[in-house]
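Okay, so chain A shows up in both of these, paired with chain B first and chain C after.
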Partner chain A sequence: MTVPSNGGSRFVSRARRLALPGAAIAALTFLSSCAKDAPQDTFQPKGDNARNIDKLQRTPFYIAGAVFVVVFAVVMFCVFKFRDRGQKIPKQTHGKPALEIALTIVPALILVGIGIPTVKTLFMLAKTSDTQCVINVTGQQWWWEYDYPVQEGCGGITEPIVTSGEIVFPAKMNVLLKITSRDVIHSFWIPALNGKRDAVPGRVQTLRMEADHPGIYAGQCTEFCGLSHAYMRMDAVALDAAGFETWKTNQLAAYESPADGTAAKTGESTFLTQCSRCHQVNGLVNANGDPVISRPDQYVYSGAAPNLTNLMTRYDFAGASFDLITDDCRDKLWSAQPADFSALYLQGVTPECFDPVNLREWLRNAPGKKPMYADPAKLGPTDGKTRGMPNLNLTEDQIDQIISYLTERK
Partner chain B sequence: MAIAERPSPVLARSGGTVLVTPSSSLGVFRRPVSSTGWRSWVFTVDHKKLGIMYGVAAFTFFIIGGCEALLIRLQLAAGSNKVLSAEAYNQMFTMHATTMVFLFVMPMAAAFANYLLPLQIGARDVAFPRINAFGFWCFLAGGVFLNTSWFLGGGPDTGWFAYAPNTSVAFSPTHGVDFWALGLQITGIASLTGAINLIVTVLNMRAPGMSLMKMPVFSWMILVVQFLLLFAIPVITVALFLLTFQRDFGAAFFSVDKGADPLLWQHLFWIFGHPEVYILILPSFGIVSEVLPVFSRKPLFGYKFVVFSGAAIGFLGWGVWAHHMFASGLGPVSVAVFSVATMAIALPTGVKIVNWTMTLWGGKLRFTTAMMFAIGLIIEFTIGGLSGVTHSVSPSDTQQTDTYYVVAHFHYVLFGGAVFGLFAGFYYWWPKVFGKMLSERIGKWNFWLMVIGMNLTFGPMHILGLQGQPRRMQIWTEFRAGDGFFNGAFWNLVSSIGAFILALGIFAFIVNVFLTYKKGEVTPGDPWDARSLEWMTDSPPKEHNFDSIPTVHALDEFFHRKYVEDEETGDLTLVTTYAEIMAEMEAKGDKNIHLPSPSYWPIVLALGLPIIAYGIIFNRLLSVFGAAVVLFAIFGWSLEPSVADASDYDPPVDGDNGESTKELATLG
Partner chain C sequence: MFTTGSKLFLGGTVLSLAATLVYGATEGGGPLGTIGLISVTLVFAFLTGINFWVRDSNVSSMDTAGIESSPAAHLAPGRSMWPMVAGAGAALLPVGLIVGFAITWLAVIVLMIAMVEWMVQAWSEGASSDPVYNLGIRRRILHPMELPVLGAVGLGLIIFSFSRIMLHVPAAAGAIIFGGIATGVVLFGSLIATKRTVARSLVVALCTVGAVGVVGAGVASAVAGGRHVAKHEIPSYAEGTCGADTSGEADDKSSRAIAAKSNLAATIILQNGKLRAEVIGVAGNPDAVTLPRSTDSFIRFKNLDNGKFRLVVNLGKEVVDPKAATLTYREVKECTQAVEEGGDQFIIIKPAAPSPRDPSAPDQYSFTVPGVDSAVLGIVVP
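So, the complex of A and B:
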C-alpha cells in the first residue's frame, strides 16, 4: 500500500489534535516552572532588553516543541502500524512531489513568521541613541573592571569612578555598556538583563542594559578565556535613583587613613609594601606623604588589578568568585524586596556580615584558591609577568593586618 | 595511478588462499607484494583494507574521546569536584571535541566511504589508490601526533575552536596548541587528498548505466561531503598556518597590540567550521537513507528531493558561519543576514526528515538493530535540528550561546545524528565487510543503552543551559544552580549518570564485535534482501570487488534484478535469487582485471610529516630530517612504475604465454 489508508490518516489527525495542545502544555509547564531561584535563568527577564528577547524566543520554543511531538507521533505510528506482519512487499513508489513541496512551503512560512520579529528585535537591541548612562566594561583574566567616565549621564558623574566585580547602575535607566578586553576574548552576560556581548581586545562593543527594579543580578563570563574561566563572574546591581547618588558619593569619598595604633594602621603599611604595587587605593599616601600610584602593568600581563579603594562596598572579590559576607547575609541581600534593596546594599559589608575566611585563604595563597598563572618558573612567555595574583608568602600576622585594613575600605 | 595487470582472480580463487613469497630481494626498494600478513595491510592500496583500517583507527580514537568525556562528566557530577584540575579540564574538553570531530566522526565516515563507495558504484577501486593509502596514513600520523601532546608537556587547552588571542604563547604557554595546529594540519591532508580522490572516483568510475540520478543516496551524500571538504579544508589550513607562524615563528597575525583583529581567526575557523558540521552529518544521512528503504522494503521516498536537499545543504552551509558569532559584535546587519540564512537551512534539513518518515509510511518494517538506529536518528536528530532553529533567532541565541543548551543541541545533532547513523551503518554493513552477522540480541542492548544513555546525558543539558550554566567551566556553584525540580545540581548528576549508561551501550557494541569475531553466524548471501550494488557480490567482497562489472538499469539495481513488479497491481514477484545473480556474474567474469599494486611510499611520505611537525616544536634540525624523508618519498613515489615488476611476483606461471607477466601468486 502506498496511500495512507483512511484509518491511518484519521489516527494521525487525532494524534495531531491531541499532540499540539499536549505539546503546548508540556512546553508551558517546562518553561514557566523553571527554577525560581536560579539567578541565571534565561527565561526570567528583569529588564526591557531581556524581556524583548524573551518575548521573541518563546514562540520558536513552542513551535519547536509542537513540531517534535508531531514528528515523534508520526514515526511511532509508522513503527506500530507498518511493522512486518507478513504483509506483502509494498508497491515500489518513489514519492509524491506535491506533498514534498507542501511540506517545504509550510515550514518556510513558519520561518518567515519567526524571521521578521527576529530582525526587528535585533535592531531594537542594537540601538544606542536613547541611552542615558555610559559605563566602560573591561574584561581581563579573570575579572571585570567597570569605570564610569565623567559625563552628564548617570545623573552626572564629576570624577571617574573605578570599581570591579559588581557593576552598579540606576534602575529604570537605559545604560550603555562599552565593552572591551585587555587580553583575550571574554563575554559579558547578565541573563536577566540582556544577552551576551563579547569583550574583544582592540574593539569597543556596546550592549544595552536596563533593570526594572533595584536588585542584584548574576552573570558569568561566557567566552572561554583560559585557565580560570570558571572563576570569572560578575553581578549587576541596580539601585534606585537616590541610592545610586549615594553610591557615587561613597565611591568618591575622601580617603581616611586608619586611626594610629590600630591593627588597621599597621595593615596600611603592610598594604603599602605588599599590595599597592598592583592594587590602587585612591588617596593612599606613602611615608613621605606622596600619593601612591599602583603600577600593575609592570607585574600583571593584562596590565590591571582591581581597585580596592572601596572594597567593602562590594560583597565579593576575585572575579566575583568569593563572598566577603556570610551565606545568611548573602541570601538576605539576594532575596531583598526591590523597595528595601538599595538601602541594604548601600550598607556595604557590615561587621556582622563580614566573613573573613575567603579573604584570609586568598591572601595566604591566591593561586591555590583560584587557578592562575603565577608560578615564577613558568612566566617566560609573559616576560615574567603574572596572569592573576601570585602567592605573596605573607605571614599570618601580615594577613590579619591587611584584613583589618581592608575592612575599613568602605 | 598504479595499475598492475594480473591474471583473473576468478581463476586464482579456485585454488584457495593466495600466497606471495618474493624470490629475490632488492632490499626496501623492492616493491611490496604481500597479500597476507601485516605487510599486506601496511603497504596496501586496496580501498577495502584501507576502509577497515580507517574504521579501526577511528573507533580507537572514539574510545579515547569517550574516556575524555567520562572524565569531564565525572568532574561536573558535583559542583566543585576535584577529579580534574582546571588545567587538565581545559585540556580534556579541548581534546574531547578535537578527537571526536577530527579523529572519530570524519575518519569513520571516510571508512564507510572508502569501503562502500566503490562497491556501490560498481567500481574495482578508487581513482588514485596510492593517494588513498597516503590519506589514511596522514590521518593516523596526525591523530597519533596530536595525542602524544599528553606526554610531551600537556594537551591543547584552548577549546577546539581555539579563539585568538587565547592561543598565543603568552596565554597558552605549553606546546599543546602547537601539537593541535600541526596535528590537524596533517589530518587535513588526509581529508583533502581523500576528497579529490573520491570526487574523481564518483565522476569517472561508475558502472555502465549508472547515471548520477541512479546513484545510491549514500554515494551522493559522500560526493557532497567531498566537495565540502575540498573547499573547507583549505580555509582551516590557512588558519592553522597563521596560528603556527604566530606561535613558532614570531608572526603577528593575532597580536592585538600590533594591530591585529582577533575576529579574523573566528571568521576563518567558522567558514571551515560550519561546513564541517555538514561534513560530519551528511555521511550519516546517507547511511540511514540506505538502511530505511531496505528494512521498509520500499524505495527511499522522494529520492530526488533527498539528493537535492543534500546538495542544497552543501551550498547553504557556506552562508551561515557567522551564526557561531552572534555575540561577537558583528553589528545588526550582518547578524540579521546570517540569522535568516540559518533559518533557511532548516528547510532542506526538514525535507530529509519528512522523506525518511514517509519511507517508513506504508512499508513492511523489520526492526533490525540497523533499522532501530536509523529510526533513532530520525527522532534524536529532529530534537537537535529543532533546537538549532531556536538558535537561528539571533537575539535569543545571545542568551543561549556558550551555555549547556548549545552543548545539548550539537550533541543531539552529532551523537543522535552522526553517531547513530554510523552505528546503523555498522550493523547494516558488518556482514558485508567481515562476512559475519553481528548479534541482533546484543545489538538491541547496544541500541537501547545508547538511546537511554544519550537522552539522559544530553537531555538535561537543555535545562542546564536555559538555567544559565555556561560551557567550559571546570566548576559550577550550588548558589547559581537554583532550587526545585529544575535545579542544576540534580540535572548535572543525571547527565553524568547518563554518560556512563551511554558508555555501557558502546561497551555492548565492543562485546558484540568480539563475540561475532569468535563465533558469529556467517553472512548468508543476501542477509537483508538489500537493494544496492555492494550487496551484489561476496561478503566480504573479493579483492577485485566484482567478477564482472554490472550494467545498471535502475536505482536500487540489485532489488530490481531480484524482483519484478506487476505494472497494474504493484505486486512483486521474486524472479532471480542472489545465488543465481552471483553465478551469472561469475560466469561472465572478466579475464584480466586491473588492480593497483601495493606500495611503500604512501606510508613513508605520511610518516615524514609528523617528524617535520615535532621538529617545528622541539628542534628545527629534526624538521630538516623530516623534510628529507618527505622529499625522498615523493621522489620514490614519482619514480615508482605504475605496474609492479614481473620479478616482484613469484614465481611466474609456466605456460602463461606472456599474457600476464605480472603473475600475482602461486596457488596455495
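So, the complex of A and C:
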C-alpha cells in the first residue's frame, strides 16, 4: 500500500477517486436533457405564449452560460496559475477605477438588454383584448373544474358547459382562462402552452392559452395545496375547429336515461341516493320528475364536486390522476398525430378501451386510492365537511350498478 | 445617611402611603383595600427602620470604628434611583392584586428591572476603587440590554402617539401633517448633515422637544378620542332595505382598492334605464353573465343614470332548513348601496346552486334595479 507522502499527493489521490462518479453524474445530467418523453418540458413549447416565454428564457440562458464559462475559466486559471508555491506575495494594490466602472456598466447593459424583452413579453402575456374564447378555471382540493360561460367566443356558447380534469379548447384560438380557487391556493400550469398562474381564493387571474395543433398536453398543480397535491393534475386538450363544435354539441346534448331493466337503470337509482348530493348530472330527475340539483356546498369544504354529466367523454378522473382507459389506448391517444387526434379524442371512452379497475377502486374507497381529508373523526375544523370524496361504504353490487350507469355518461 | 436597603423600603413606604391615600379617596375608604394598603405601608416603614438601624447589615450601627474603616465608607456608593423604582414596583404589586391584572404585571416587570439594575450597579460599584472603571463595566453589561429596550419603548411611544394624532385629526389634515412632519425631519437631518459644527446640545434639545411634543399631542389626542367616521349600513334584503327607497344612503365612494378593481367578474352598468355587462375577455355586452358556483365573484355596479339606484342580485330560492319535515323556501337576494349618478359600488356574491337551465322556469337568476323595470340582466350559474 502506498501512503501519500504529502498534502499534494493526497489531493491528487482524492481527485482521482471522485473523477469517475463526478463524470457519471455529469453525463447522466447531460443525457437526461435528451429525453423525448417529457410532456411537461418547458423547452418544448406547443403554442405562441409558451414560445414567447421560451424565446425570452433562452437569451438570458445563453448569456448566463457564457458569463459562467468565462468566470469559471478565469477563476480556475487564477487558482492554478497563482496557487501558493512559496513564492513572494505580489504587490498589493487598491482600486482600479476603469475596471470597476467597466464591471458596473457591462452588467447594467446586460440587465437592460434582458429587461426590455422581458417587459415586452410580460405585456404580451397579459394581453386580453384579442381573446377569442373564455374558460373559467377553478381549483379545489384536488382537482380542477372548467366551465365555459355563455359567450359569443369559442364559436358561440349558448348554455354553460361544466367539465373537469381535461380542459378542452379549439387549437389555434386565443383562449383566456380566468383562474380562481374555492379553498386554498393552487397553481395552474400547462408547461407546453404557457407559464404558471396561481389560483387564489377570492381572486380571478387571467392566463392566455393557445395551442398550435390538436393534441393533449399535460399539466400539474405547482403550488403545494395539501395532502394530495401530487394527484392534482390536468390535461389540456386542443381540438380542431370542427372537433370542438362536435365536443360542445355533445356536452350540451339532452340527458338520456338508461333503458328500463338494465343494470345502468338500477345504477341511476343508486347514483341518485349515493352520489347526486354532490355530483351533478345535468338532466337527471328524481322520482317526482323534478331536476336533481346537487348541493356539494353542504357536504364538501370547497363547495364543489366534479360534474359527471359527460364523464365518459374524458379519459381520466379524480384530478386527472387515474385513467378510465387501458394503457394501450392511452398511449395511442397521447401519441396520435395532430391530424388524427380530434377524431380519436371525440370517440370518448369506448367499450374496447374502458378499464374499470381504477373507477372500481375509487368507488370502493376513494380516500384509500387518493389521500383526502375525509375521516369524519377529523373534520372538526371544516364543520363536518370533507376535503375530497369520503368512503361511501358502497357494496360491490352498488359499485357495479354505478359503473354501469356512468359508462353511459357520454 | 440612608443606606441602600433603607432607600428601597423608604420608597416603598412613601408609595404605598400614597396608594393608600389615593385608594381611600377614590374608593370611599373601602375597608379591605384600605386595611391591606395601610398594612403594606406599615411593613415597609418597619423594614426601613430596621435597615437604617443595622446599616444594611454591613456593620453594626454601634461600631463607629468599623464604619470608618469599612470599604463602604471608602467607596461611597453613587446615587441610585433603583431602590426607589423597586419600591414603586413593590407598592404597585398589592395595588395590582386589588385593582387589576395589568397593574400586577406592570409591577412585576418594574420589580424585575429594578432588581437587575440595582444588583449590577451594587456589584459594579464594589468591583474596584476606580469609579470610572466601575461605571464602564456596568455599562458594558447593561447597555446591550438597556439601549435596545429603551429604544424600542421610545420608538413605540412615538409611533403610538403619532397614530393617536392621526386618528384624531380629520382624514384630509392627516396627509398634510404627515407630509409636514416628514419634511421637517428631512430638513432637520439635512441641516445637521451639512452643518457639522452645530452644537450637540442643540440637537439633543430639539429632538427632545420634538419627541415630547409628539408624545404630548398623542396623549391629548388619545384623551380626546378618534375622529367621527360615518358608518353606512349594508342594505339587506331580509331587512327590507334592498328596495327602491334610497333615501338616507349616500355612500358613493366604493372601495378604491386595486384588489377589488383588478379582480372583477363583471362590471354591470345602468344606462338609459337598461343594464349591460362588461366582462374581461368577452367582446361587447353579453346577454347574460355567467358566474362560477360556490366561489366569490366580484361585481362592480356603475350608475350612469340620473338619480340614486342600487343593484339587486337575484339568486332564486333556497331551502330554509333542509332537515325540516316540511320544506320552506326563501328568496336569495343581495344588493348594493344606492349609488348616485357616476358613482359605483362593489358587491361580492357566491351562488351556491346552479341557475335553472330552462329559460321558462321560475326563479331565474338576474340582476335588477329597483324602480327601473326595464333594467334586467340574466345570470347563469353552471
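Here is the rule we go by: the second predicted complex is superposed on the first by the 375 of 410 C-alpha atoms of A that agree within 3 Å, B and C clash if a C-alpha of one lies under 4 Å from a C-alpha of the other, contacts with A are read in each partner's own complex, and residues count from 1 in each chain.
The working rule: contacts are C-beta pairs under 8 Å (C-beta built on N, C-alpha and C of every residue); 3 or more make two chains touch, one makes a residue touch a chain.
Owing to the predicted nature of the structure, the values given are computational and were not obtained by experimental measurement.
Trainee: Record, for the superposition on chain A, whether partners chain B and chain C clash or fit.
Mentor: clash
Trainee: Which chain, chain B or chain C, ends up touching more residues of chain A in the combined arrangement?
Mentor: B
Trainee: Is A:D375 touching anything from chain B or chain C once the two structures are fitted on A? First, second, both or neither.
Mentor: In the superposition, A:D375 contacts neither chain B nor chain C.
Trainee: If we overlay the two complexes on their shared chain A, which of chain B and chain C does A:V184 touch? Say first, second, both or neither.
Mentor: first
Trainee: Touch check for A:G202: first (chain B), second (chain C), both, or neither?
Mentor: Both partners, chain B and chain C.
Trainee: If you stack the two complexes on chain A, which partner ends up touching A:Q280: first (chain B), second (chain C), both, or neither?
Mentor: In the superposed model, A:Q280 contacts chain C only, not chain B.
Trainee: Check whether A:V119 is in contact with chain B, with chain C, with both or with neither, and answer first, second, both or neither.
Mentor: After superposing on A, A:V119 lies in contact with chain B but is clear of chain C.
Trainee: Which of the two partners, first being chain B and second being chain C, lies in contact with A:P107: first, second, both, or neither?
Mentor: first
Trainee: Could you point to the stretch of chain C, among 114-122, 222-230 or 348-356, that collides with chain B in the superposition?
Mentor: 114-122
Trainee: Which chain A residues lie in the overlap of the chain B contact set and the chain C contact set?
Mentor: 201-203
Trainee: Which part of chain B faces chain A closely enough to touch in the complex?
Mentor: It is residues 85-87, 90, 157-159, 163, 165-166, 169-173, 256, 259-263, 296-305, 327-329, 331-332, 335-336, 339-340, 343-344, 346-347, 350-351, 353-355, 357-358, 360-367, 375, 378-379, 382-383, 386-387, 389-390, 392-403, 463, 465-476, 479-488, 556, 559, 563, 565, 570-572 of chain B that touch chain A.
Trainee: Considering the complex alone, what residue numbers of chain A touch chain B?
Mentor: Chain A reaches chain B through residues 1-4, 33-43, 50, 52-53, 56-57, 60-61, 64-65, 67-68, 71-72, 74-75, 78-79, 82-84, 87-97, 99-100, 103-104, 107-108, 111, 114-115, 118-119, 121-123, 125-126, 141, 183-185, 187, 189, 191, 194-198, 200-203, 205, 218, 220-231, 301, 330, 371, 373, 378, 380-382, 387.
Trainee: Contact residues on chain A for chain C in the complex?
Mentor: Its residues touching chain C are 128, 131, 134, 136, 138, 145, 147, 149-153, 159-162, 176, 178, 180-182, 201-204, 206, 280, 282, 291, 293, 295-298, 302-304, 307.
Trainee: Mind listing the chain C positions that touch chain A in their complex?
Mentor: For chain C paired with chain A, touching residues are 259, 263-265, 279-284, 286-290, 292-298, 322, 352-354, 356-357, 380-382.
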